Amino acid sequence: MTDTSVVHPDQLTVDQLQIAPSRRYREVIIRYTLVVAALVSVLVSTLIVWSLLREAWTFITGVVWADTWGQRGWFPRRGLYDIPTIVVASLIVTGIAMVVAGPLGLGAAVYLSEYANRRVRSWLKPALEILAGIPSVVLGFFALTWIAPNIVGHIGRTTFLVLGAVILLGYAAISAGLARTKIKQYREGTADPSARIGAVASIAMLVVVFVLAGAWTLNVWLEFVPNNAGSLAAAGIGVGILTIPLVASISEDAMAAVPDSLREASAGLGARKMTTASSVVLPAAISGIVAAFIVAVSRAIGETMVVFMAGGAADAARFADSPMEGGLTMTAAMASLASGTDSVVGEGLTFQSLYFVGLLLFLITLSLNIIASRFVSKVREAY
Amino acid sequence: MSMTDEAPRLIERPVAASGEATPAPGMAPLATERDVVFQSQDVSVYYGSFRAVRDVTFDVPKNEIMALIGPSGCGKSTVLRCYNRMNDLIENARVTGSITYRGTDLYDERVDPVEVRRRIGMVFQKPNPFPKSIYDNVAYGPRVAGQKKGLDDIVENSLRKAALWEEVNDRLNDSALGLSGGQQQRLCIARAIAVGPDVLLMDEPCSALDPIATARIEDLMQEIKQDYTIMIVTHNMQQAARVSDTTAFFTADVRSENDTRTGILVEVDTTQKIFSNPSDERTENYVTGRFG
Amino acid sequence: MISRLSDDRSRAAIAASIERRRGDTRGLLFKTVLQMCLLITLALLAVLLVTVALDSTDQIGTRLWDFLQGTLRSRSTDERLGLHQGMYGSLWIAIIVAVLAFPVGIGAAVYLEEYAPRNRFTSFIEVNIRNLAGVPSVVYGLVGLALLLNGQIFGLDRFTGGSSALSGGITLAILVLPIVVITSGEAFRAVPIELREGAYGVGATKWEVIRTQVLPYAAPGILTGTLLSMARAVGEAAPLILVGAISGRLGDNPGLFDIGALTDQFTALPIVITSWTVQSGRDGGFTAAAAAAIVVLLVFVLMMNSAAILLRNRFEKKRG
């Protein structure tokens, strides 16, 4: 202001349109504090990847693969790190978990979303949430002290074959249904050739899984040994119970996203509730349901304590291809390495082997989660 | 820094010696129609690359009520929100052109939008009292501005000005959410007044209210206009005709080739002229109900 | 319409179709199967709770007070067997998680929801956090091991005392951080725009709007998220095994609020449960001890979970 006398009394200056400096500085300080908080998350992921890669690399370059190649089993203290042993055990546990959690979780979700009235829902949902909140060590205890003797212990040769057949037939029926829609898509000659490749590939995958699972079931049946102590089967069922709420809640979210107008349209055409649920709602929510299964698989692979406690193997494991045997999954192998003497010690590369398995686990679960989020966003786009 | 260059622009049609003749603040206004609070020049608003409003130019006279009318989607609310920089809160919104507020460029980089909003209050379409007591709602603005003493007086004066004091003075500590819709909206006016603004922007303040509550708000606007310059966006032409001194009519310029609508200003004039003898055919069609 | 129905034949047809509908056995079967899925799930939950409760009576029913005050022992018949060290570890882990993860997590959520520009870097951080939430907990244990025990970075092991309750708490704080960010972010997104506009409209700064409007409105949602993540942290065992929680014998028996013991060797409730469960094959008495420890852990975990669920349901109802 050089000459205020000329200025109109109503006139404002830029200075009058500013707030007190103390308020302004506080804004800046808080903003940067919050930026730091947000960057911590980036730092955490960097640290995860960095620490995994660093030790895993030492393991990869240091371990003498040729010496132990072809030898099955996980005996880290003897320098035998056979990755297939723990990966196969992880697959067995995850497979059993999904056989338990898939139908139960999905069935519960369909019931809650399509049949249950408000009052029933207001009791059932919290019950499922309580199950979701039970720590995995509790399931580990339950799997070892109750599931192993009372469920797995009662499975004999014949029961196993019947169970296997029922599961395989169920799988085959669902696959046939899926394959039919895929074949229809293929026949309709979608202009997009990648859709055709996708249809062929998914059918092939269903068939391959069926053949492998069938052969494996037969093999286990032939060499069946009953077991009522800790086993991969007991651990698998425990992990399955743990993942039921996960499957249920994600599938239910997906079905809740299906607009009611679709249900009304179906009912308006005279469809029954079952028809509406199975041929309108489920197909419309299929992406979300697939996402639920993938997330559950990821969770099951990463579950540690149930297998560590109820898997029937201590700090080393022979190669197990039957769920009735004890075994170490990738996660349980890590926990047992660390717990044996209350700290990670061991000959040579034991410490580094932890990180190699950890890296493997990290990559598997990360890719599963990324695939699942793709499916989830598909549902969001659709409605 | 000198503001002398800006001064002549403020008074568009200067009366003789208006500078000396203007009465002290708070006294009855004299010849204020020539005092201008806002001058907008070629104002356009963009959302990303989409131009929502283009080339709006008009002045807002002091201590008058100006109504912004037009069909929905013509950008009148968007224009209103330029005057207290509410559009700054929308991430990709951008305002071009110039708006001066009492001689100062509102969009000068040294101007703090927080202070702008204190001086230029806003009342929103839906009554939005905070989930606090009536007292705390009114005292909110002064408190964030750092005021700690004299809040009781501010609350009482603001509620009196908003014609709400008689109805709530015995329950100032009750939740504001317990008030009726019309009372809530008057509370929001009191809340806006409490920080001592000189302009009130009202974005369809009565659209969620019943006719009786609407009438009360309209009366209130007439009572407070001696102290405040008011800009009101309204859907309701009768309301514009009833309450405003000047009216700006906006419409949407629809481009069928790329399916975009851009708001444009058609004309600004005294309310009487707009509703009786508009100079633009589009205005006439709108106010006579043939369009919109 | 009504008059047309007077036609006897169509009336009969409608009656028949209603009859058919009543006798829709496939639909009934379908519904029953779905109900069974839920019932089996709930039955498993019930069996689990009952088994644990029954198993635990040997300890809880006869020597509850001694059990809570006792320590890790190598024989289940040892009368000094008990949970004290486990409770010490879990209590301090919970405190460390609350002190570290909650402010940082809520702060990160405030930044991402309220401040961050919508650009690639922000969405990278958001995707990153969502992926972190899916990383198996045992991997976090590896990170804690590398970072806090082996001193690979900044010699942090000297600060944490290596394998200690402090290390365990920091590791679990990192583990629940993404959960806190995600749940708080959801709570912030639920704050109505009208509240923010009202506050901005009377000249509040961004932080003032957040502090006086956004945070109070989002508080129940944030509290729900923090309760859930606290329950998760208290129940986690795998990361603690990796950072070297003790399952055998621990030397001292610190007072519950003895800060000095934070950098000593430690154990926690889930570790105690694991250890006793694993030992139950060799020494059957440990089954009861493990079950009793589970009861104590479940009391805490389920209390936090149900508080979170109740809180959320109440506010969902209130706000429609």
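Residue numbering begins at 1 within each chain, and the chains themselves are lettered A, B and C in the order written.
Everything that follows uses one rule, which is that a residue touches a chain if its C-beta (ideal position, glycine included) is under 8 Å from a C-beta of that chain, and two chains touch if they have at least 3 such contacts.
Keep in mind the model is a prediction, meaning the values are calculated, not measured.
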Identifier of the chain whose CA centre is least distant from the whole-structure CA centre: C
Longest centre-to-centre distance from chain A, chain (CA-based): B
Averaged-CA centre spacing for the pair chain C and chain A, given as whole angstrom: 17
Chain centre separation in whole Å, for chain C relative to chain B (CA means): 50
Centroid distance [mean C-alpha coordinates] between chain B and chain A, Å: 54
Chain B, residues touching no fewer than two other chains: 114-115, 119
Sequence positions of chain C contacting 2 or more other chains: 205
Residues within chain A bordering two or more other chains: 19, 23
Of chain B, residues touching chain C in the complex: 84, 86, 89, 91-92, 114-115, 117-119, 121-124, 126, 128-131, 140-141, 144-145, 188, 191-192, 194-195
Parts of chain C lying in touch with chain A, wherever the complex brings them together: 21, 24, 26-27, 30-31, 33-38, 40-42, 44-45, 47-48, 51-52, 55, 103-105, 107-108, 110-112, 115-116, 125, 128-132, 134-143, 145-147, 152-153, 163, 174, 177-178, 181, 205-207, 228, 231, 234-238, 241-242, 244-248, 270, 273-274, 277-278, 280-281, 287, 290-291, 294, 297-298, 301-302, 305-306, 309, 313
Residues on chain C engaged by chain B in the complex (per definition of touch): 117-118, 192, 194-205, 208, 212-213, 216-217
Chain A residues touching chain B - in the complex, by the definition given at the top: 1-3, 6-14, 16-20, 23-24
Contacting residues of chain A [partner chain C, same complex]: 19, 23, 26-27, 30-31, 33-38, 40-42, 44-45, 47-48, 51-52, 54-55, 103-108, 110-112, 115, 122, 124, 126-131, 133-142, 144-146, 229-230, 241, 244, 248, 272-274, 277-278, 295, 298, 301-305, 308-309, 331, 334-335, 338-339, 342-344, 354-355, 358, 361-362, 365-366, 368-370, 373
